[in-house]
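By written order: A, B and C. Residues from 1 in each chain.
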């Protein structure tokens, strides 16, 4: 493309082309209701959009825009918008000024010896912006065409309302528990003269376990509770647990006659039985 | 593209709605005059119901129509979706738990004596609902007070094999055990 | 009772949630320490996806996780469930969204430069209220202008797993979209 071409002008009277045929006048029978024209003009997203429309509808090459013609058409729309008292954004006028500037620069004879500078087509920046805008205009339409939730695809949901009450219980760690116990002991010692002693937990655990077994079994032979397979230590722990339980009045030791087997029963079962009598 | 089956259309609509749809609403999915007869729709719903066997969703007839719902057997997993952020236990709950853990079996009165305050019923309920303590028996004393002990779940939560693995207060500078000879390990039961 | 299959559990949870669940959320359905490995879950999800073929629901991977959704082909029936038509967005909103999606992070000024017009505050508000864009930071330039980026919700809403799934930008020089409906005559210049 030679740069100092006078922009390829359409005949000045041509206002439109229909299938390549230039038209110099609006057909007389073509009536555009003013409302429709207004809607039409409002459809443009801005000067770049309007310019693109002018270029595309005439199948012009965006890389070789006939600046004079396009400027003339552009100004036609801007005047129309003014006439219709449409809210004319300042950007439309800025673009008009830019087009006029490009046009005048293209009309200027190229000064000799200034090839390097003049090599830049005055339209280059406009072309770049038009192309970039066109890309995003198309991208907007592509996004519009993507399957969209609530229009094309629908999240699938099934009722599960009855299951919504779960609440995760707090977690506690051992250190917290120990700290709480230590604090309570400290406080207890401040308020009482009782000596709070550390006791063998394994005995306490066996006390709890024995109580549970007795709740289920009601009567148990001492021999069953003292299990030799736990070894000496186990038997001692169990025995101490039973003594502690007796002392705390949680169990009772029964024997039907001297030297008969010893049985253990829980105080609870026993008193329950008494109540029934 | 082949037309989706009637069952698939009904499944799609019920899942998109996420709530019960009446027979009238189901018929309204189709353009005027093209809605299948009720009997046809009922047939398709029956087919849909059968095809859902063994899946994570089932068809249920409710008062307001048909509903796709998650069967109850999935509650253990599904309910975790809505678990609230764990809260923290109050000081009182922690202290009570600690006393029960270290002094079990113990009555409520004894806990109160150690803590020096009355025990609110909420605290014991919290710990019982959590499955960490249980009534281990009743003391043969006036009023037959319940005695509390910790549970296996309690040990599991704290990753302990037995109570003897609870940290000792000695780490906090407590005087040593009075009966060192009693501090025996309970052998593991088979 | 037999334990439900892993696929059924995942299906139940996804339907109960009614929104995408991430891999982490799926693993959190199981008790601590019992969650299947990621690969196992992925395998089960693949099986679930296959088993849903031809049904009114499909498994889709979107930005925030896995979602069960009614496929597009059911829209003609399903969209009749709601009287309201889905929101249509103006070209200005869509173009702005496109610019942010493809050029993020981007300032308001840069968006205006590309579109050649001042950005009305309504457009940015609409996009932010929908949760599709957010302020991702501030550029270290005079006035420290905010830079905008798209959100995960944007990707979820448009059925995308990541920005790389966006349709590629039109190559320059290609014939652009026309407004055939706007093909009115060019007015005569005065």
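We adopt the following convention: a residue touches a chain if its C-beta (ideal position, glycine included) is under 8 Å from a C-beta of that chain, and two chains touch if they have at least 3 such contacts.
Being a predicted model, the structure only gives us computed values, none of them experimental.
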| item | value |
| --- | --- |
| Chain occupying the most central position, where position means C-alpha average | A |
| Chain whose Cα centroid lies at the greatest distance from that of chain A | B |
| Geometric centre distance via CA averages, chain C-chain A, whole Å | 10 |
| Whole-Å gap separating chain A and chain B, where each centre is the average of the chain's CA atoms | 28 |
| Centre-of-Cα separation between chain C and chain B, whole angstrom | 35 |
| In chain C, residues with contacts to at least two other chains | 12, 14-18, 57, 68, 70-71, 74, 78 |
| Residue numbers of chain A (touch at least two other chains) | 154-158, 160, 163 |
| Residue numbers on chain C that touch chain B, as the complex places them | 1, 4-5, 7-18, 21, 25, 28-30, 54-57, 68, 70-71, 73-74, 77-78, 80-81 |
| Chain B to chain A touching residues, read off their complex | 12, 15-16, 18-20, 57, 67-70, 72, 74-75, 78-80, 82-89, 91, 94-95, 97-99, 101-105, 113-116, 130, 136-141, 144, 147, 149-150, 157-158, 160, 162-164, 166-172, 174-179, 182-187, 189 |
| Complex contact set, residues of chain A against chain C | 15-16, 23, 25-26, 30, 32, 36-37, 40, 43, 45-49, 52-54, 56-57, 62-63, 72-73, 75-77, 79-80, 89, 91, 95, 129, 131-144, 146-158, 160, 163 |
| Touch list for chain A against partner chain B, complex | 154-160, 162-178, 180-185, 187-188, 191-192, 196-208, 211-212, 214-215, 230-231, 233-234, 236-237, 240, 248-252, 266-268, 270-271 |
